[in-house]
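Notes for the one structure printed next.
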Amino acid sequence: MDLSILWYLVPSVIMFVCGVYGFITRKNMVAILISLELMLNSADLNFVIFNRFLFPGSMEGMVFTLFAIAIAAAETALAIAIIINIYRSIGSTEVTETNKLKH
Amino acid sequence: MIFDNLLIWFVVIPVLMMAGLGLCRNSSMNAIRAVMVVGSTLLLALAVWLCVDFLCLRHNGADAEMLYTGSWMWYAPLNIHLAVGVDGISVLMLMLSAIIVFAGTFASWKINPLPKNFFLWFTLLSTGVFGFFISIDMFTMFMFYEVALIPMYLLIGFWGTGRKEYSAMKLTLMLMGGSAFLMLGLLGIFWHSAPEGGVPTWNILEIARQAQIDPSWQRLLFCFTFVGFGVLGAMFPFHTWSPDGHACAPTAVSMLHAGVLMKLGGYGCFRIAIYLLPQAANELAWIFIILTGISIVYGAFSACVQTDLKYINAYSSVSHCGMVLFALLMLNTTAMTGAIMQMLSHGLMTALFFALIGMIYGRTHTRDIRQMGGLMKIMPYLGVCYMIAGFASLGLPGLSGFVAEMTIFVGSFQDADTFHRIFVILACSAIVTTAVYILRVVGKLLLGPVYDDHHLTLTDANWFERFSTVTLIVCIAGIGCFPNWISETIQHSFAPIIAAIQGGAF
Amino acid sequence: MDYSQFGAMLPELIVLGIFLLVFLVDTFSGAAGKKILTPMTAVLTLLATVAIWIVPSCGEAVFGGMYVSDTATRAMKCILSVGFFLVVLQAHEWVESEVMAVRKGEFLELLLVTLFGMYLMISARHFLLFIIGLESASLPLAALVAFNKHKYESHEAAIKYILTAVFSSAILLMGLSFVYAFSGGSLYFNDIALSVTQGEMSGLLLVALAFVMAGLGFKLSLVPFHLWTADVYEGAPTSVTAYLSVLSKGAAAFAFFIIFVQCFGAVYSDAWEWMAYAVIIATITVGNLFAMRQKNMKRFMAFSSVSQAGYIVLGVMAGNGLGLTSMMFYIFVYVVSNLGAFAVISTIEDKTGKISMTDYNGLHVTNPWLSFAMTLAMFSLAGIPPFAGFFSKILIFTSVTSTGSMALYMLVLVALINTIISLYYYLLVVKAMWISADAPKVESFKSSRCMKVSLSLCVLGIVFFGLVSPIYDWLYNAVLTSFPNALAFVLQ
Amino acid sequence: MDITLPILILALPIAMFLILGIGGVKMSRKVAGVLGILGMGTTATLAYIVAFTYFFSGNPDFIIDGVRLQYQVFDVTWLAFTQKLIVNIGFLLDPISAMMLVVITTISFLVHLYSWGYMEHEPGFQRYYAFLSLFSFSMLGLVVATNIFQMYIFWELVGVSSYLLIGFFYKLPSAVSASKKAFIVTRFADLGFLIGILILSYYTDTFNFINLTSNPEAVLTSTGGATFMGASVLTWAMVLIFTGGMGKSAMMPLHIWLPDAMEGPTPVSALIHAATMVVAGVYLVARMFPVYCVVDAAMTFICVVGAITAFYAAVVACAQIDIKRVLAFSTISQIAFMMVSLGVAYDRPIEGVHYAGLGYMAGMFHLFTHAMFKALLFLGAGALIHAVHSNNYTAMGGLRKYMPITHWTFLIGCLAIAGIWPFSGFFSKDEMLAAMFARHWFWGAWMTMVAGLTAFYMFRLYYLIFWWEENPHYKEHKPHDAPWQMSLPLIFLALVSCVAGFIPFGELVTWDGVPYHIHIELPVAATSLSVAVIAILLATKMYRVKNDLPTKVKNFWPTLWEAAHRRFYWDEIYQFVVHKIIFGIICRSIAWFDRHVIDATMDGMAKVTNVASNSIKGMQSGNVQAYVIWFFLGAVALAGITWLCLV
């Protein structure tokens, strides 16, 4: 059975939307980070899908994905560090607690 | 070499003055005064020299549209030049500015606090004014225009009186609003100035020569530029910065602002809006004739019921400056000549007015005419000067106002259709209203019994005040008694503009 | 492999060199070495600027064209390193303070990394390299924002920054993945430009463009992707704020231009023209509206910079060499003006801890020179002649109207009207310093030498950048040399 | 003709003005007074020489074949509006200007002299002389104007001198408001004048009097039959120009300023508000006479205005208490007389009239004689006021014993104005009435009635001052005749009033320069003389000795008396219009509109921006999740909106 590109794209987009939804609704920052990871992964997935289906002759998408994963890892590490800092200073990782700076 | 050009010195001298002031301390009043007096005298001398030299050149057959032209590439990619040149009108305006800067220096002899900063901004303001009048490149012109606007904020805000913060902000924002439209207009003119494939130019003379701007664009650009300059010319309904601003400004600033800065508006209107966009000027003049016509009458009537001396003058300026724009829109030589003469005349007399009001206020500490009376007895010198200024304002022959207004009326009457006629007659009626409010003030302020016994101990003008006022009065009477050379100079300068307008009429 | 091609990467190599040097000194030298750390970095950056400017390029492209070094990019890098130099000078006092003493090496290293990232971003002609540059320019900044360890606001700012940054990266990557679908298999800018021209318009491309714009808009803090800006600027250490507000914005703007004009120029009117209008108008207006009610100087500068970003992006709309030149010039002027303002803000904050606008009341009595410099900076930001800001604004307006499009003309009208609002709030600062009758709240003090140098340079820049046209000419020639054909030039 | 004298005539007074005005504060009174008097005396001498030369030298510039010519002694460009419309400052000599030179300088000199005594103790003596010199300069410039614009220029200057002199006692609020009123009312009239000039010059392309008057038909054709609101533009122009004259000459309804102008020093009233400035309107009509002749409507208008004014002023004069006001209304009435006289004249023969230009000549003649005797009366009044320190006749009575010189000269003045032979007024009035009767019986009859009223109120005044009953105050403060500086002018003017009637005026002044031989029209003379005598007898009956007849008459119809006394409420009407309507409604509402609508709009824009700024602050909620929602929705919206736009 020849699966069309849509079979791959749709889950990827769903993943992305889930990520966005998660970011918006979750209160815990770590959960938000996970949601972000979902979004990044969905983008990576897209690259791979497009590479595989549209341009099977080249590897650019794949390579891009590798780099993106690395970057995502760095981002997560940094974010976790900052979350720990926050936890230290206010004893919570609820995102709703961090809204002193506004207007 | 750029400094070979005479005109550049009109900018260089103020810049040097600013440098000199920068070296002074705020406490060393004499040094500051010395810099200011030397600088403003130099400027005045330069202006007189330029005027004489210009007339000689013209007399000897120099018939180019602009003399002393010079052009130095500035921003080459955008074809921006520092281009200077003057015709008779600019020469006269330079003269006016120099006189008022000179008089203003003496009028603010005892400014306090921070005299150095005051004169620094004051000089920056005059740099802008001089630069504006010598420029023939729209970009530099606009730059100097804005240079002249901004110091007003600090000058009024810091050294002003009354609701100074509000007024300063209002004045600045409204004028900047005007210049926003103006900038857009100038950009439009610039990009449409060249024929297809040609190099667009900011140079006014070249733009006028090429006359390439498409009529549909002209209409838009005319509205933008005219409104832009009109705001500074206190055109109804964009005049409300003027009463508040003038009321709160310190003396010398009111003088310079009403005396010269408001003229930038009128000058720009004909030099850019009308000259460069003649077709639109012909088509759309009627809109602005209505607005300026309203200005004239409206300003005069408003002035009738004001009680603050400066408000009275500010509204009177609305009326008189309305006359300037009104006359310019008549698009014929005589009326436009009248407009320039009105600019000169209004500049001088309103500077005199504000100087006197400042002096009176400095003594009585009130500007409310209901709180004063019979000052003629206490300070006869100032009283007489005030009366002379008043007479100039209401158009007494022998003083400058009459000459200007009559030229405007005669010129405006050359357009024979009913629309113009009605508005001209409306404008003429201002001479009565002007008399009403001037005499009202004179009657309440100077004549009659002394209102407040505390005023009896006040002193009359001292030497620098006398010096400042006499300078202005001599000029006012000079124009009023011997107007023809000025009129001829202006008329000659208008020839190319009129030619452009007539070319645009078809 | 021909290693000589890396000679083209001279700017990056220099930054890398400085980075290594700082790292080594920081790690191995004693207290004496640490003392000279900041001055050394500053001097080296200055030298780097000169080097980038005068050392001839040893090649055009590296990594098969993923990296391009031409005159325009070098000019841009010069501008950035000047800014970097000024920021380091300004940060000196804060860096030397007791809280920071042990970590100043880290601070400088992180800064240098971001600079390196920006350089890459500017020179990137391939999306992979671009993403690497972008991320290395923005991730260390999160650490920098959080640098003030003992201040809660710093952490809050950092978490907001990092979360939004990652979110925007995700959006950008998503957008790029769609772009990839249209690209014909190559993420080179030129190839994408080619396939976009040939390809059909589709909704997906619109989404891709919108996402890319959003991703870049985050860096530039364009509305509505700007919401992190104020909070982060407020919470971050002032030197970092200064850095954020000028350098990362400048680099992003350049990249924005290159990507949208070089890559997607062909679908300008089909796809992103109106997006850009919406974003620019929103940016300028919303930035202004927020700025006018701010009381905290750093927040105030944040919204001011949001609004300024709108003007910067205006240069993109011209889409020609003139636009790019004016934009770069604008950035340059913006660098000196904004850093001038930040110099005053941060020196006052360092000395007295005061940051509210009302604290500036009557400043001229106690600190006339600071007030003077701040006034000039405000005037320049507001676009008032004869200060540089006026020229940068007018030149950018002139460039934008060069296309003759009525829509752009009206866009300029909106921008011009907005200048009135911006003038209002810049004048509020001036008013506080000069006009307000309150007793001065900030006592008289002497700034550090570095700060003085930095501030004086900024003031000089503010006064002379506009009046001295060779800077513009230089940028213009740089742009013209780099893009002889690709960007049609209107005037000649 | 040598231009030195004419230039000096103009230059001397203005030089005096500048010297006394600028240097006056440093001078003693005596120096200032002597300077002023000498200056004016010299001017008068020069003016006499010039006038004499003009009338009697026989120089072909001035007279050819017995016809007097108009001659421009000099005419230099002052301001060129366009190629053709050029304002010159010049010196036009013709019969009327020469006559006016004489009148002005004579009266002015006498007033200078008189003032030396009258104003002796007033502060600002030097200033007073400066203003007098300014006035003399302006008035001389006005009458010798070569073009209508020069006339307008000096017209305004005259107005301002009048303003300054009326308000001379500037500490008195009444003087201040009177001067203001005078200036503004005349200014309003000048607006008409100006517009008239504008219209006229637009069509004729010239300001020059000779050009205008030498060929009035061309003026008529130059308008090309253009009309405005039913009347030809030329009619409009001429009527508007006449409006200027109405203002200066205090014709109804613009007369209200003149009675108030009596707040000025009395010599000033004599000079400006009796003899010279107020006749400027008449002079203007005379100047433009040929042009008026081609516009019948304007001439009729002049007649009607004159006739109404003359009657009105005469009636009001009968009910005034203030002697200067009586004289003021008498002046208004007499000027109106001249106006009617000019109005009935015509520049070409009319069927059944033996000399159509008679009215012109008579009007000018009356101008001349009236200037003399009215100045006499005013100076006499000044002497009286000087003596009793009050303007009201109620403070006088029976003064003939105390002030014989004043009494006799005043009587001569009264007889002259009443038109009793052989005093000068008789001759001029007779010619005027003759001209009116010749044109239409109505004008003649009406004006004869006015002449009768004139005789009545003048003698009412005379009796109330000099007879009636002696005022008890004299016991404390005995009135006496004025010092010689004041008496001398009175005597001189009285003499002139006695003999001026015998001047062969018609030989000298006619509209076309062709001499006309005056002869008395017996029927007219008899009628007017008898009417005058009857009126004088009536006045004698009523006022010679104290009785209750006047009270009875007053009570016969008290409303009328009250109305006449209050000048038929014109001032109240003006007050209402100016204060309530113009100031109260128009100005105030405009000022309100400016502040609360225009300015409020500008402030409103700022407020709207502020409100907008506050209303969107929720966007910056501080919650990073909300930020991301904006972020994401923004990105989607960008795509979506563009999509919608494109599809």
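Note that the chains are named A, B, C and D in the order they appear, and that numbering of residues resets to 1 at the start of each chain.
Everything below uses one rule, namely that a contact is a pair of C-beta atoms (placed from the backbone, for glycine too) under 8 Å apart; a residue touches a chain by one contact, two chains touch by 3 or more.
Model, not experiment: these values are computed from the prediction.
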Hey, how far apart are chain A and chain B in touch steps, shortest way? 2
If you tally contacting C-beta pairs, which comes out ahead, A-D or A-C? Let me know. A-C
For chain C, which other chain has the most distant CA centre? D
How many Å are there between the centre of chain A and the centre of chain C, using C-alpha atoms for each centre? 27
Could you put a whole-Å number on the gap between the CA centroids of chain A and chain D? 96
Calculate how many whole Å lie between the centre of chain C and the centre of chain D, each centre taken as the average of the chain's C-alpha atoms. 77
When centres are defined as mean Cα positions, the distance from chain B to chain C in whole Å is 41
Pull out every residue in chain B that's touching 2 or more other chains. 173
Multi-chain touching residues of chain A, meaning two or more other chains, are 23, 32, 98-102
If a residue has to touch 2 or more other chains to count, which residues of chain D qualify? 606, 617, 620, 622, 624, 628, 632
Tell me, which pairs of chains are in touch? A-C, A-D, B-C, B-D, C-D
In the complex, go through chain A and note every residue touching chain C. 16, 19, 23, 29, 32-33, 36, 39-40, 42-44, 46-47, 50-51, 54-55, 57-58, 60-61, 63-64, 67-68, 71-72, 74-76, 78-79, 81-83, 85-86, 89-90, 98-102
Applying the document's contact rule, which stretches of chain C touch chain B when the two form their complex? 322, 325, 379, 384-386, 390, 394-395, 397-399, 401-402, 404, 409, 412-413, 416-417, 419-420, 423-424, 427, 430-431, 434-435, 469, 472-473, 476, 491-492
Chain A to chain D touching residues, read off their complex: 20, 23-25, 32, 95-96, 98-103
Seen from chain C, its contact residues with chain A in the complex are 127-128, 131-132, 135, 139, 142-143, 146, 149, 152-153, 155-160, 162-163, 165-167, 169-171, 173-174, 176-178, 180-181, 184-187, 230-231, 234-235
In their shared complex, chain C is touched by residues of chain B numbered 74-80, 139, 142-144, 146-147, 150, 153-154, 157-158, 164-165, 168-169, 172-173, 176-177, 180-181, 183-184, 187-188, 190-191, 199-200
